[in-house]
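Below are two complexes that have chain A in common, paired first with chain B and then with chain C.
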Partner chain A sequence: MASNKTILVVDDEGPIRRIIELKLKNRGYNVITAKDGEEGLDLLRRQKPDAVVTDIMMPRLDGKSLCEHAEPLKQAGSFLTIVVTCRISPEERSWVARMTDTVLMEKPFSPSRLLECLEKYFEKDGS
Partner chain B sequence: MRAKGIYGAFLAFFLIGIALFGNILIQQEKREQVRRILDQGNYLVSLVALHPIDDFTGDKGRFILRTLREYVSSDDLVYCFIHDHNGEPLASLGPDELISSIPKSVESQALYALGIKSQSFPVEGWEAAIYEFAKPIFAQGERTGTVRLGFRLHNPSLFAPERIELLALVAFFIISVAVLIYYGIILALRRLNNLSLGMKHEFLDPASAASGVVKGARVEQIIRDLEESLVLLRERMDSIELRKTELETKFGLTAFQKNQLTTILDAMRSGIMITDSQDNIIHINLYMLALLNKMREEMLDRPLWDVLDQDEILSFITQQGIQGRERQVDFVETTFPEVIPGNVFRVSSLNLQDSDGTGTGRMILVEDITNEKLAEKAKKEFVAHVTHELYTPLTTIKSYNEMLVTGEVRDPEMQTEFYNTILEETDRLQRLIENLLNISKIEMGSLTLQRGLVKSDSLVKDCVAAIETQARRKSITIEKLLPDNFPSLFGDKDLLKVAIINILGNAVKYTPENGSITFSLFEKDGAAVFDVADTGYGIAEEDLPHIFDKFYRSKDPNIADKTGSGLGLGITSEIVHLHGGEILVESEPGQGTRFSVRIPREEYHLGKQ
Partner chain C sequence: MKDLKTFEEFLHSLSEITGLGFEIRDADGRLSSAFAPRHTTPEPEGILELTRKIIETSTFQHASLPGAGACFGVPIPGAEEVIGVLLAYRAETTGRACQQQVSAEQGPSRQEMERLLSRTAWLIEENNRCRQDADDITEVLSQSFEDLHLFARIATQIKTLRFSDSMLRSLIEEIMESMGVDLAFAKFMDRDDRDVMVMEESLAHAIIDGQGLVDALVACTPLDTSDVTRHYFILNHSEEDPKFGSLYPDPYRFLAVRIEHESEFYGWLGLFSLNMAAIFRQSELRLLTSMAEQVAAVLANTDLYLDLERSIVNMVKSLIHAIEAKDVYTRGHSERVSEYCMRMATLLKLDAHQMETLQWASVLHDIGKIGISEGILNKPGTLTQEEYTHIQDHSRQGFNILRPLEQLKDSLPAILHHHERYDGTGYPDGLKGEGIPLLARIIAVADAYDAMTSHRAYRPAKPPEEALEILEEVAGSQLDPYMVELFVEMIEQEPGNCVTGSQKRMTG
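This part shows the complex of A and B:
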């Protein structure tokens, strides 16, 4: 089921990209990675992944801007965005709430919890 | 002579008064008499005219007239005639000589008038005038006769017994008042009179020159009186002068206090406006005038609403007014983009009260809070940055550990890689915590040196050891240029190590693979110089002034890609300065960077700490 799903992982921290990639690949997902928002947006536009996992504080283009850029892309076909952050402030909650199919996940996160969240979405999505 | 004149005038005044008063009384009595006659006449003639004409023939007529005579005083009613419709007399009452003297015109007017007719006429031989009242008698809508009644108007006498008493009372009153006024004037003039008489006696009358002693006493008395009056006058003038000076002083003091208040307000670095209870501006300081770009004359004594254009401030003040008169401090933020673009101001209002709690106006305070805002923003950014920096390695450690524990990583090579990553991230976390502790000590001013003898050879060895693994992983060669005689330093070995490792660590981090680092130590001008040169990415020109700023990170992708807290160089610089040294940087983007740390050598004496 998971084999046809592509997940984009955007994080400036190599070890974190590595562990998410490993966890998802073990489950049979295709994983593409980007080390900042700009690279992530480029991959998002070109490869149209089924879900995005992104950090907020990143060089060049941060996670919030990436989500804002992704919003028009979701009009054609929505996809889940998991925003991983270490501080869930009221401002963050409010901008995340305005985005389509976007959820917050607090750092330090558990890879299993992240996977669970993705699978739940895909199940609900019916695909 | 003069006394006689006064008495004559007094008598004339008295007689005129009595005559005038008597005349008023007589006129008044005449008016009353006429009114009484008119009332009585109209009433009686109507009453008599109610009888049918036949009642006046024979005995009945005489009876009616007799009753009338008994009812009305004979002094007033002088005649009564009843005529039939042809004007022929049916009955009459009254003295014959009077009846024959009534003028014909009066008689005919009375006989042919329709309503009540009243008229007055004089009669020869009678002192008084006669008032006649006539009214026709009707029966079944037809005139059957006429009633005529004549009343006498007496000429009242001034000296009638009932007026004599009143006149006597008035005379007494006039005399009393005249006497009182006379003696009042006499008393008031007596002192002046005495004085003038005295003067005459003393200086003009040769007859009194002989009585020298009496004369001297009189003169002395006059002089004493004059002196006393002068002293009293002077005292009064002194008291007025004193009061004037007191008022002038008070006025001067108030003006001074007002000026002083204006000076104090003008010296303040915040905008201040003070209004009265009607919201008219009574004080405004220079700072506020500059913010509003107005002159003081344009603002003073004018209502706030007329002179302030800032809607934010006005609506804030309106809200404050609604909330009541209790003292409160609330604020609104505003800007003055035309005067100071970019700055943020806080407007607060304080209701002013006098000692008994009555509202006397308000004080509006406008403070520049741009720096506070920047500090608040910086604080938020600092917390966000630190949180991110702390949670990132923690996330790696936790997630890698979870993968190992759940057995998802079975390949031994990968397991080793995971353990190494956990170790590296733990070190990173430790370094970060140390850096944070150091930076917080620096911020609080409590970073102090634990000075002691520092042997530079062991310092160099420890520093190189700390970065060797990382350098080896990137195939970076470290060339060491060390002296034969290592200089000894008097400083804090641990902190110096932190400072140099931060520089060496940066050199490894920002030098691409297969690059090289040259680490030299030499003595120059009484200082030990630690020199680190790399073949790395270099520092962009715009970044150079900021590299020692806390949390500053370059936007250069080569730099931004690498993990870093942005704290290292700030801490290094602080440590070097605490040792009295300096740190120099030279960099060429794309070529490399050279950091030189100069630590002055100090003689080390045993027991010196």
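This part shows the complex of A and C:
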């Protein structure tokens, strides 16, 4: 059911990338991974994934900047962004809230909730 | 088999060098192939048979296949059995068949092929195993993340030291959601008012009485307290036990953990699931156990707290009895003043903490009289200046008596200052107006009114309307005028008080 969806996973921590990748692949998604925001942005532009799961604290380009760069891309075709972070401060909440189709998820995150969140989005999306 | 793409490239390079084509198959057919130059080859006749033979014998095999010539193959072992084969043969292309046949014979020997293929198969096997291990470890890690996530959420819920129904409910909801079960509950042995039960919507549609199901489950759960190590009860399949099987039409799983603190057994924390494809995992049991421990610890804390509160109430009661035994005038006075004060507090919309503080202060406001001699307290006539000074000392004495009690510390200012006068001429500190604590100003009004309307050996009780008039007279000098106004209104509105002060004022 999810076979036609591609998810981009951006995180500088290998184990986290692996967990998300495995869980998504087992659910039938295509998964592409990036280990920092810059790599993520490049893949985002070239491969146009259906959803992005990103960390905030990353080398080169952080998750916030990645989201900001992603905003204009969302005009062309909407996609979901899930920001996974361990520091949920009010200011973090407020910039995430300003973004289109962007949700915040706290670390330690629950892989099953992440899947649920994606599924809900795709269901609502009707595609 | 995992990641065959990587090997396809590797085998392709090998094919370029050796001129042999490579193929990975399992019993059902071709999984991957590498032929240089790249092309798809038809399946040589007899290759299925050769594949089957390799899988069956689990050894190197070779055969001469029509159209392919010499064909070599080795098994690729999996964790338990052979999961596929690696084959090498010269791919047939029309026209060149004859030439290749010749070169094949000049090609590597049987032993060389066995070595090459065995080592390559070993690499594939090793890669498979590593990939599988990595996935397994990732799965375990992922599960730990789920547990961590749950712990982090639960930890914020359970920070509280005192038990509350809402705390427990959200905890149970969280457990049900995180563990993906259909019903979760906390069932207490002697406090069923604390019981909590939450169900998935689908289950709620199927059964009307969830609590009834919980009660039945708990009733069937063996209560073997002698076995200390067994702090939980698990039923992986309801059909294992006819007692449980009859409780619900569909098969279910059931896990219950004892809510226990230092051998004080409170009840059960339980999970019920209709999803028979899953099982209760060890980590879930551990998690549920620590939740139960936390809940039990909070309950034990709450019990201690309530015990402490009860002992303070009892101590206060003893103190009141002590002063009442000594001072006949105080008998019933403390309670009545407290009652007036609480009614005032309601009108003033004081918060719960202020209410509690006022209650303690009003009940105990005269406690300092314990330190005054009975001769003075019960003297029918007028007091000498010296005796009066003694009496005045009772507010400070009360303050001193109660000061060691941490729980009453907020009530102390109201006790110390309940004889201050609004104009600043009262005792002990001569505080003035708003400088007098609010609760002390409330007590002062109630105290004055009750003193006037009670019988004294040296004078009869005044009727309420007269007492109210006097209150109004001293409003602003002795008493806070706003509190007096409120008090007068409150008394006048009492049912049965038809002769009201205001009517009298209007006519008089």
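Rule of thumb we're sticking to: the second predicted complex is superposed on the first by the 127 of 127 C-alpha atoms of A that agree within 3 Å, B and C clash if a C-alpha of one lies under 4 Å from a C-alpha of the other, contacts with A are read in each partner's own complex, and residues count from 1 in each chain.
Here is the rule we use: a residue touches a chain if its C-beta (ideal position, glycine included) is under 8 Å from a C-beta of that chain, and two chains touch if they have at least 3 such contacts.
If you're wondering where the values come from, they're calculated on a predicted model, not measured in any experiment.
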Which of chain B and chain C A:Arg98 touches, first, second, both or neither: neither
More chain A residues in contact - chain B or chain C: B
Partner chain(s) touched by A:Glu13 [first = chain B, second = chain C, both, neither]: first
Partner chain(s) touched by A:Lys120 [first = chain B, second = chain C, both, neither]: neither
Contacts of A:Pro59 with chain B and chain C, given as first, second, both or neither: first
Partner chain in contact with A:Lys23 - chain B first, chain C second, else both or neither: both
Which superposed partner A:Arg45 touches (first chain B, second chain C, both, neither): neither
Common interface residues of chain A - those touching chain B in one complex and chain C in the other: 15, 18-19, 22-23, 108-112
Chain B contact footprint on chain A (complex, rising order): 12-13, 15-16, 18-20, 22-23, 26, 35-36, 57, 59-60, 86-87, 107-112
List of chain A residues in touch with chain C within their complex: 15, 18-19, 22-23, 106, 108-113
List of chain C residues in touch with chain A within their complex: 134-135, 138-139, 141-142, 145-146, 148-152, 178, 180
Chain B to chain A touching residues, read off their complex: 383-385, 387-388, 390-392, 394-400, 402-403, 406, 408-409, 421, 425, 555, 557, 560-561, 563
